[in-house]
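My questions all concern the structure below.
Chain nomenclature is as follows: A, B, C and D, assigned in order of appearance, with residue numbering initiated at 1 for each chain independently.
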Amino acid sequence: MRVEAFKIATSSPSDVAQLDNYIKQSIIDPNDVLCIIGKTEGNGGRNDFTRELAMTAFEELFSKYLGISRTEVAERIVFSLSGGCEGVVSPHIVVFTKSGNILQEARQEKRLAIGIGSTRKFQASEIGRVEQVEETARAIKEIVASLKVDSAEDVHFIQMKGAITNYTYQEAEQALRDNKPLRSNMVYSRGASALGAALALDEISAKDIRDDAICQNWDLYSGVASCSAKPGLDHTEIVVMANSRYAEGDLIINHGVLEDILDTKTVHKVLTELGIKCDICLTAEQQKKIVGVFAKSEADPRNIIRGRRHTMLTDDDISDTRYSRSVLGAVLASVIGDTAVYISTRAEHHGPLGGGPLAIIAKV
Amino acid sequence: MRVEAFKIATSSPSDVAQLDNYIKQSIIDPNDVLCIIGKTEGNGGRNDFTRELAMTAFEELFSKYLGISRTEVAERIVFSLSGGCEGVVSPHIVVFTKSGNILQEARQEKRLAIGIGSTRKFQASEIGRVEQVEETARAIKEIVASLKVDSAEDVHFIQMKGAITNYTYQEAEQALRDNKPLRSNMVYSRGASALGAALALDEISAKDIRDDAICQNWDLYSGVASCSAKPGLDHTEIVVMANSRYAEGDLIINHGVLEDILDTKTVHKVLTELGIKCDICLTAEQQKKIVGVFAKSEADPRNIIRGRRHTMLTDDDISDTRYSRSVLGAVLASVIGDTAVYISTRAEHHGPLGGGPLAIIAKV
Amino acid sequence: MRVEAFKIATSSPSDVAQLDNYIKQSIIDPNDVLCIIGKTEGNGGRNDFTRELAMTAFEELFSKYLGISRTEVAERIVFSLSGGCEGVVSPHIVVFTKSGNILQEARQEKRLAIGIGSTRKFQASEIGRVEQVEETARAIKEIVASLKVDSAEDVHFIQMKGAITNYTYQEAEQALRDNKPLRSNMVYSRGASALGAALALDEISAKDIRDDAICQNWDLYSGVASCSAKPGLDHTEIVVMANSRYAEGDLIINHGVLEDILDTKTVHKVLTELGIKCDICLTAEQQKKIVGVFAKSEADPRNIIRGRRHTMLTDDDISDTRYSRSVLGAVLASVIGDTAVYISTRAEHHGPLGGGPLAIIAKV
Amino acid sequence: MRVEAFKIATSSPSDVAQLDNYIKQSIIDPNDVLCIIGKTEGNGGRNDFTRELAMTAFEELFSKYLGISRTEVAERIVFSLSGGCEGVVSPHIVVFTKSGNILQEARQEKRLAIGIGSTRKFQASEIGRVEQVEETARAIKEIVASLKVDSAEDVHFIQMKGAITNYTYQEAEQALRDNKPLRSNMVYSRGASALGAALALDEISAKDIRDDAICQNWDLYSGVASCSAKPGLDHTEIVVMANSRYAEGDLIINHGVLEDILDTKTVHKVLTELGIKCDICLTAEQQKKIVGVFAKSEADPRNIIRGRRHTMLTDDDISDTRYSRSVLGAVLASVIGDTAVYISTRAEHHGPLGGGPLAIIAKV
């Protein structure tokens, strides 16, 4: 297995011109494209239509090259498009390709390996509850095993699009009567997905997983999960990125857990462990090595950061999600020296309160 | 002359409780208060009433302690309140007091000295033109001289509230006929004030000052100016901060010019020159030394930062001024470790395009 | 009792110049001022500081004229300031004065009478529950009785600022254990206040008042309530406006219940019953008779209005509260011909879902 | 010629399901589709991607049915999509079809006739100047003539997408030196298009058309124009709607000029002239007759409406374009009883300052 990653700037949400060029120039083989992670310039909210617009362009492009329908494109390739390019964050995509299968024999060095899979279908009653956490953990473990990693510590990034199973009014009413109200919504699905990752990688222990801990006990969290959720999706799509001796190529990945959205120390630590040690910010030479930066941001729900009051959660003109992406995007870009960074928001059980996971992929 | 500075967090724009405590505890003598620079949590725009609310509270407080009218308070103390606490920027004020006069004999070390003054009154026809630049430079030089600095290089921060003289419709029409349209507005006033500082400190040469260079030739700029402008004000209020051998106390000031709003290298350089050298971000011990951080931000008008597209100027939902303050506030806070940083926007002739001045005051 | 009302345009939230003129010209006797209802130009949300700014100006003005402290001003006069002048809604205040007491003998005609009062203090555990509803009803009945109305149908407008009693973490936890979670918040307080009005005026029957009906059974509502709520206030302030044979003057009041925020038919009905019948919109002559227009707006929570989808609740850039005020303000102004209309939002148990009460005060 | 119009609600910008149904059910023949006018739920600004998303869906649909490329679809059918469904305005499209040609012999009654055409290509130097006005007028006259109207008074709606010809930096500089600065922008293009309509229909006289009157003399305006402009388009696309004795079908059109965005009298007048006289608002029966409502809104640039201050232009949180669409949409919907109304903003030379044209299409 050889994974390659291509960071491509976009001039608008529907811009696939450079990706098309790469395909035409045989730099990217469309058959090898595994997943595309990117930022589009909407508001990241309910009325953000930039992701749909981008999807339209991607589906049309790959439909043409692969000779399959749009629906098949969406099923074959994992797309993780996050709306909201606040502040300096620059609209871009990172295209991941995979050629060959996991090796039979271990190599000396570990290299980036990617595995894709999904959970079984969930009932609405399972979302945001122990059932979702455990099934998510099971699916992740299966994918991780396929990558032949030395240990769970080699897993650095798990991107998930979580299930939010539809339900009827009757089901919701029955659940209330059963004293087990439905949790089939964004918050609980993201939280349970993240805990699934934490459980799979032994970041938390199985005994801590209880219904009343989900979205309640914030001491439980994953340092590698990056979860969104999609209404109407009845299973969870999973992408696992890890370093494996059974993968080739020139990419490696590392991660850290940001204590808050100003935590540059952890950014430097993650870079240093990737062999990219820098003083204040990366040199132009070092910047070329970075192919992907992926993080989760959130405005600290306690209204405090570094001991002082912030106003992100009490501002009724601008959403805290936009502020927190703007802040973490600026902080990461100031160290990396590149504004093509992927920040998505809402981080239930993703790192500690007010913080979140950060993963960086670099060329060796 | 001994200057002291007190950084005070505020719980709302009208919160003067802690300032009042300091006065009651004799930590601050209200008679010594020279100027107050602070951030309030509005939008920083035309319908930002937080500055007026804060002024009401300050005027009432000092009116009581000094036994003078509200109007006299506003004339006696310089207030530079900037609206907009985007992202992590925390609402706060820095209160500057001065006791004693400039010393007669030079001391070994230089210490922070502050001088206050103003220009003569301007005609509307002079705003944004050579006349404003030259008179501003003259007034600054006079203040600088009173601080007995060794050289212009000891001047690090010039906060100005610039004139925007009122005019009649007839005057505007006459000016058009004279082919010298009135420039009595925010943009030109700020630009001319900044060029006045640049001229006073020999950052630019007198021959470069022409009407058609103002708000046109962006290669001309000041690295120490921080200018706002106020409609209806017919003169410019000036606060000069410099290091002088004729001042006592334990504060020093330094400045640098940010190349862009991600420029952490310059932040580190300014800190290092203040004797506060740090690796990635300040230690808790070092943070205590910082009493004021003052910067100007702007979304690069070329729509590019670090070689990549930004969307701050094409977003019709959120103002670029709010984005740029959010970005620079996050970047400064990530190095300083404190979110009580003062960022104001719009930076015509303040540093290079997309960049701006940064001044830091620290305890020795 | 003779009630007068003065509609005064304001040039900014702190503008009390015209009110001051009226006092200086003896048009308004400051001793007679009973309450001031007005719109200020903020966002109506948590970071709307325009109401505080306006209060500062009012308190200072009346403190000077009445020779009492600011706190005493706020206790003596009822201020109902609502932030948010969206669309055409023009910032203004309506100042109500009362001279003399309720008459001993009935007159032929009914005239506007105003009564002011308050509930007892509430425990946090009572807010949003039957206790709040019943005590609010009791207090209203008492005020209504003092106005000597012929029947409950003569009561047309009840403005309330509702209690949101503070509580400790321990109290909240205990309430949870008691299976009676605290409801001491904006939504429940407003809802319970409105049901209190409905109960007092027999709009609903006592048997319908149950804890689980509050903010659940939207078929229960008042057509005359206009409630806000204030965190930290431990009692509810009440202003009752009614037509009484025991009042003099030249003002009368009427109300109607808007079916939705486009319901011009009800606007015309309320005007017609006031003796102001018009075809499409009021004539200039008729407009002079209108001294106050007070309404509650809300974006229909079912996402539908007049059978079609609206997007007010799924727009993450602009709050639905701002949209609904803009819409109803425009609709009322288009009929009345005056943009000085008072619209406040959130209308739990105020009229049917998506609709709300409308009260109009006119000169006879 | 027989024109039909279909008002179709959309569930999102890319929703073409109902249109597709109509085609499948042979209610609409895709070959007959002439133009589609609609509202999408974006912000109507530079970062509104909903129009592009809608175009993608329309192009794909018609490409399939007509067997032509997407580009050909966009050239064949006129699409006028306006972003911004503020307040109650409901996302929808009106699909216009035409079967048969203009009749040879006049009929007794006039019916809706539609003609489509375009100007010649414009140089950038012509945009916003007399050349654009005159060529636009010429093209309109040609289209009008083809509809065989009795007089200019039978023309009620001219929808235009105006040219904003691209230019080089050199061309812009040369134009400045020639003292004829380029006006190839939104404001001037819209203004010149509107004046072109006014000239074609003798609403203004040829002698009034001077370069310095365009976007200066607001007394000159059209009551039937509805213009947008598109950067990069080098000609102006024109749709003319008129009543003609040489057209069949059951549709008629009428228009009026709103004095301001609250002007319900003109709405009633336009309806009455269409034979739809109503008291306050249309009955359910009358509503069924209305197939299209098209208007232009603007926040009065004098900051005054009906004699009172409005804050739409001094609010830095929400754009005046969104406010004015919300207001006029609410006012029209309150009379029509239907929230599927088309309001677009910016109305240079479209009706008087603060007002704008209103066109309504109804079934006889």
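Keep this in mind: a contact is a pair of C-beta atoms (placed from the backbone, for glycine too) under 8 Å apart; a residue touches a chain by one contact, two chains touch by 3 or more.
Here the structure is a predicted model, which is why all the values come from computation and not from measurement.
Student: Quickly list, by label, the chains bordering both chain A and chain D.
Tutor: Touches both chain A and chain D: B, C.
Student: Starting from the Cα centroid of chain C, hunt down the chain whose centroid lies farthest away.
Tutor: Computed centres place A farthest from chain C.
Student: Go ahead and note the Å separation of the Cα centroids belonging to chain B and chain C.
Tutor: 44
Student: So the centre of each chain is just the mean of its C-alpha atoms; given that, what is the distance between chain B and chain D in Å?
Tutor: So the centroids are 48 Å from each other.
Student: Distance from the CA centroid of chain C to that of chain D, rounded to the nearest Å?
Tutor: Chain centroid spacing, chain C to chain D, equals 41 Å.
Student: Do you know which chain A residues sit against two or more other chains?
Tutor: Residues 41, 43, 47, 311, 315, 317.
Student: Per the contact definition, I'd like the list of chain B residues that touch chain C in the complex.
Tutor: Residue positions touching the partner: 12-14, 41-42, 47, 49-50, 52-53, 56, 317.
Student: Applying the document's contact rule, which stretches of chain B touch chain D when the two form their complex?
Tutor: Contacts found on chain B: 43-48, 311, 314-317, 319.
Student: Report the residues of chain B in contact with chain A in the complex, numbered from low to high.
Tutor: 9, 11, 41, 43, 85-92, 261-265, 268, 279-281, 305-306, 308-312, 315, 317-318, 322-324, 326-331, 333-335, 337-340
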